[in-house]
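There are two complexes below, and they share chain A, which is joined by chain B in the first and by chain C in the second.
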Partner chain A sequence: MTALLAAAIASEAASLPLVPPLLLAPGIDVVGSSAFGFLPGVTLVALGSALVEFLQPVNLLDVFLNGLAKSALYIMIAVGLTLIFGLMGVLNFAHGSFTMIGAYLGGLILVLTVSGATGGLARIGLFLVGVLVVFGVLAGLGGVLEVGLIRPLYDRSPVYQILLTFGLTLVLDELVRIVVSLYGLQPISDWQNVFGTRPAFIASSLGLGPVDVPGLALFQIAFGVVTVGAVWAFLTRTRYGLIVRAGSEDPEMTEALGIDVRRVFTVVFALGAGIAGVAGVLLMWDPVWGASVPLAAETLLPAFVVVIVGGLGTFRGTVVAGVLVGMVDAAMTWWFQNAISFTGLPQITIFLILVIVLIARPQGLFGVEGVGGH
Partner chain B sequence: MTLLDVRDVHTYYGESHILEGVSLSVEGGEVVALIGRNGVGKSTTLRTILGLTPPREGSVSFRGEDLGGLATSEVAERGIGWIPEERRIFSQLTVAENVRIAVPNDRDAEAALKNAYGTFPDLERFGDRDAGTLSGGQQQMLAIARGLAGENDLLLVDEPSEGLAPRIVAAVAEALTAAAEETTVLLVEQNLPLALDLADRFYLLDNGRVIDDGDTDQVSAEDERLRRYLSA
Partner chain C sequence: MAINPNHGSDPETNSGDEQSGADPETANGADADGGTESGVGTEADGGAEADPPAGRQAEPESGLESETAPTAETGTRSVEESGTLAWPARYARDHLVHIAVLAVLLLYPGVYALLIDSPLRSELVALLPEVETMIAVFYFGLFAMSFDFISGYTGYLDFGHAVFYGTGAYVVLLAGSGKVPLLPAETPFVLLLVLAGLLAATLASLIGALSFRLSGVYFAMITLGFGQVVYVFVRGWEFIGSNPRDGLAVSERSGFEIGVPFVDSLSLAIGQLTGDEFSVLATTLSTSEVSYYLVGLVVLVCYLAMQRIIHSPFGRVMVAIRENEDRAAAIGYNTFRYKLGAFAISGFFAAIAGGLFAGFQRAATPDSSFFFLVTGDALLAAIIGGFGTLAGPLYGRLFDEGVREFLSKAGEGGGLLPYLREHLSEATLGTDLVGGITVQGAIETFLNGHASLYIGALFVLFVLFVPDGLLGAIRARLGGPIAKRLPDRIGERLPERFERYWKALER
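Moving on, here comes the complex of A and B:
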């Protein structure tokens, strides 16, 4: 009986690959022509030569610049979320909808004001006007929503706030879908007219030494740096920023110093919504994102990843996590475009970072258990 | 003139009845000690005055104005400062920022900082350091410096000597004595000799009620009745 069992196990074992493919020496073709059964056509030889290619200074510089541009976008879409959570403890599920509304509103301003004769600098000027208008409108909307809907729920469990903001995102998305459809636009696909309002240098590539960098990427990097600098200066150089940081750590003590923390909540929610809207204006020119109703969900997920990886509610953590996620995303995009023809996977790596951080450091890179703060 | 008047206050945490009709008053310029065992309602009395744990019954008035229904920030704005138990400094703010935030006007912040460093010279060299990195004694100094920076008319001070080394207790006592020359103080303190030394009058609390009060110069730290109510 035992012999029969042993023979059966041996027979089963013989039919299984006993050595994991990745442990084999380079050049050994394992499953047919592929080293990875789930990625047809990928051999270790190909991966090895792709690695050599990847490590070429030109490619590393290219990936680095793309990574910076992606980092700028991730930080832009996450920073409002982290400000709001850090101070108020509210996980705002409507954040992505603010970004989506910002993208449409910014697009509307540019489509209405830019014509074929409008020069590049004028287009940038109109873009900045759009940024200011969108910031104002979204900050106003955020302030009204905080006072009217969220404030009555502060004394209840956080589940109420989550359900409320989740419901809010459904309402906002459907409202925009109706409005967009009424004007004959397809809400699911990007609003193409907006891409036509880009200045020539943003729509083309610029030669930086040996690397051709998309003008859009440079613009996004510059915009991200200015935004991070502005938020950092607000938090560390102004009295209001000082109050926000104190309120994030101990709202009761802050209140006992004569500071109306509820009013600060409104201002910070408005600020967070305004920055989310501005992120939308930046995304409307990017063909990877574009103005569409699904942009709300497309931005909300990476925003959550960045905020959680950085440590819920810490501005510094959000910036570092944004850069980390952006760089990994850029590197993986290069790999999946040049070495592995499976374009759906770069997105997965973002969530892989989330899983690794949650296992290794559940409070996030800069989070302190039980304490918010920036 | 009566600065603070607490009348027949009943305060609850959930269904737990913590203050069962506390009444006390503090005159302008006085230092009044609130003494009693752990858990008799001393800190809750301070929280009730600030509106952090509002009373269900009774009233609190400051300079004759009823504070009922006011938010804590509005109570504080009227000139009531709080140096809470366990310090509650902002650990992620620098030492200087902890003092600055207590001053409503940025222009007065530098003067407040100078005063704080004058009172506690130990703090000056840590001015740019995160307050969370300070020792317990230094954090207590900072909490007091922050409380004094607000230049309030009434200071509610909760267990300032708790868990401190004797050298720090002496510095804290000195700072509070100096502060008492310019402001009125309601002090919660378990260290009976220190409380009687600092205060002009006392209220003895037990089970959420005031059971005795009087002038501190008429009792001593050896007083049998006080000791009985203060021992655990």
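Moving on, here comes the complex of A and C:
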């Protein structure tokens, strides 16, 4: 999450003049440090006044909208993972790599097709074309990998599937690194040209009542809502979705009813990989994430958090957990920018959510006991 | 979550055979040496017993066949013989392989120095790992072994193991730069290691107390969560320095010395720049070589300690937990306590490994010590070397580092490209392959510094086809630990071969 931190620091610098005079009053040391530097020398008074500031409706609305955008991203990242785990019990470590490949592929399509003269709507259209292409390519890749590599492992302990997908991550990341550096790009930093393909209204902020909302955030929220709706409709309104749900519930019974569960596995793995790729396409326009090779690890960990917090394999849980994590992330980013100088605050909170949920409710918020080796 | 269900049971059944030696059918059946081969061998031998001279004359080639396949007869005999051996001889025999491995490791720096002066210099520089690389193999191998100790033996995959490695490294570095209250910067390194180990064991008990209520994927995830919490915390911990993401380096303190604490004459410092040299018998060991032996010594002691624990009743319970936790609990073991104990021990040794890493490198970053991909590296080493074999991860790491060094960029220990540069002409290297990419360009793009790709691919192949890893696969083939089985197999064949030659001479 290097990019996230860098952006957070940058925005902190930008927002400094906005810190209310109250916080800068003498005696209240906002960014000072105590003996243990991480425990910021923020006094209770400062925390209190920051809380008052935080609770101002304008700030709350701002945090809420940012939180929704982040939630949309987290859900996008995690949905594929949860589908795959729910049906097959495979914790796919290569998920982040699929997202990263999606970001690069989507970026490639847009960089090749968008020129300076392309209008805003045309860019959105090309973006959607990119989404379709990336979905197709990654679904194909996912299907091939499932049939060729993961299928032989179903009768072994689930640990081997974790190990195999972990190995896949190494291979995929390194391959992308080779290809990317072949074209003279820096694999570890964001692909800057992609940001240039954003339509004007996404790159700018829109005044929405009292707050300024980045167009990108609105776009992400809309995209997330559409994806969640589509996946939900697929799972509950189509025959194949019914089969997928039945397979998650009881694979043996499903098989007994004459359904080729193995083929359903392949389809769902392909679907999950495809959605991961689409999430990558969405992330490539966001300067906090961007298309880079480390994006794989940056997205994999939050995806795990969301999936585990929601309860492994439940779609509803993933959506709720995604919103929870997104909101907490947005709130903690605000606190980091305004009151607490510890740089890792949003991230550490996300992982703390994971730990606390697992301690308090091991099966996750909506999980059913008995899934995932309990 | 049972990993490698074969491992726990295999040695038991085989050692049973070995001791009883009464049932020739079982002894032959348990031999993992391919079906067809041993079939032919037994047949030939059956003939030989009935009518030795005729059998030999009729099938002159069959001698070769039966040599590769031990027979029930000779197997029984060798066991009887070994029963009459005095115990020191038997002990030495059982540890012949260990002694051989130790001897190779002991001689390696000297042999390496000799070999790179030989005519095959450039080939060997390209192929053999440097002494410095071997030091890294040692300390990281210890970390991988400690990972195997908890994950390979109890079956609980700990994705946050890097926390303990990082704890070890940071304790040493913080204390070494005098940042820990009550601990002077010049505190003996060995004490720091023990201290780091105890701290990590405490930390492991805390994390374990919360995590061992879960199992399977959930355990892997909660430990990953804890690991990342600590990682993010350390990365932003301003106590460490103005830029905690760059980690910590020790500048003032003299070299970290391994030996008897507070006795200067009995301890030597490690590290490439700050280490001691040591003169013995007209040869002088360089700083790297001194570090090699000292780090190796600590790793050996830790390995022996872990090996001892694995083979104690405590270790048996760990294996029982891996094989069937419910049953272990039903027998009356408090599995939670055993798991917690194993976790603390594993954390202790992981911290020692981290401390050695920090002591040798004198610097560490959060990404090289606390990050979850560090655990991933240990996992890699453990799987390639053999999960649940304890010594395997060290070989796995050797393999891993060997490939990495072979494909490293120039100036990082030599490897393929420097070798090719030396031996191929400019014209060959400059040849266009496809689309304006030269041979050299292709090597630089696809091989150099991209060892992860090939190691990842190998790892996938290992998971698919050799799930027991290097050591595990050899053990399965021999039907027991190598040190126990190899002398037996050699012992089974040598007398037989001797006898055959003798008979041939008589005729």
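Here is the rule we go by: the second predicted complex is superposed on the first by the 329 of 374 C-alpha atoms of A that agree within 3 Å, B and C clash if a C-alpha of one lies under 4 Å from a C-alpha of the other, contacts with A are read in each partner's own complex, and residues count from 1 in each chain.
By definition in this document, contacts are C-beta pairs under 8 Å (C-beta built on N, C-alpha and C of every residue); 3 or more make two chains touch, one makes a residue touch a chain.
Keep in mind the model is a prediction, meaning the values are calculated, not measured.
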| item | value |
| --- | --- |
| Fit or clash between chain C and chain B when superposed on chain A | fit |
| Partner chain in contact with A:P152 - chain B first, chain C second, else both or neither | second |
| Per-residue contact with chain A, leading partner among chain C and chain B | C |
| Partner chain in contact with A:G167 - chain B first, chain C second, else both or neither | second |
| Contacts of A:G258 with chain B and chain C, given as first, second, both or neither | first |
| Chain B versus chain C as contact partner of A:P302, first or second or both or neither | neither |
| Minimum Cα separation, chain C to chain B, after superposition on A (Å) | 14 |
| Shared chain A surface residues [contacts with chain B and with chain C] | 373-374 |
| Contacting residues of chain A [partner chain B, same complex] | 239, 242-243, 245-246, 249-250, 252-262, 368, 371, 373-374 |
| Residue ranges of chain B touching chain A (in the complex, touch as defined) | 50, 52, 71-74, 76-77, 82, 84, 88, 90-93, 97, 100-102, 104, 106, 146, 150 |
| Complex contact set, residues of chain A against chain C | 33, 35-38, 91, 149, 152-153, 156-160, 162-164, 166-171, 173-175, 177-178, 181-182, 297, 301, 304-305, 308, 312, 342-345, 347-348, 351-352, 354-355, 358-359, 362, 372-374 |
| For the chain C and chain A complex, residues of the former touching the latter | 1-3, 157, 210, 213-218, 220-222, 224-226, 228-229, 232-233, 235-240, 372-373, 376, 379, 383, 445-446, 450, 452-453, 455-457, 459-460, 463-464, 467 |
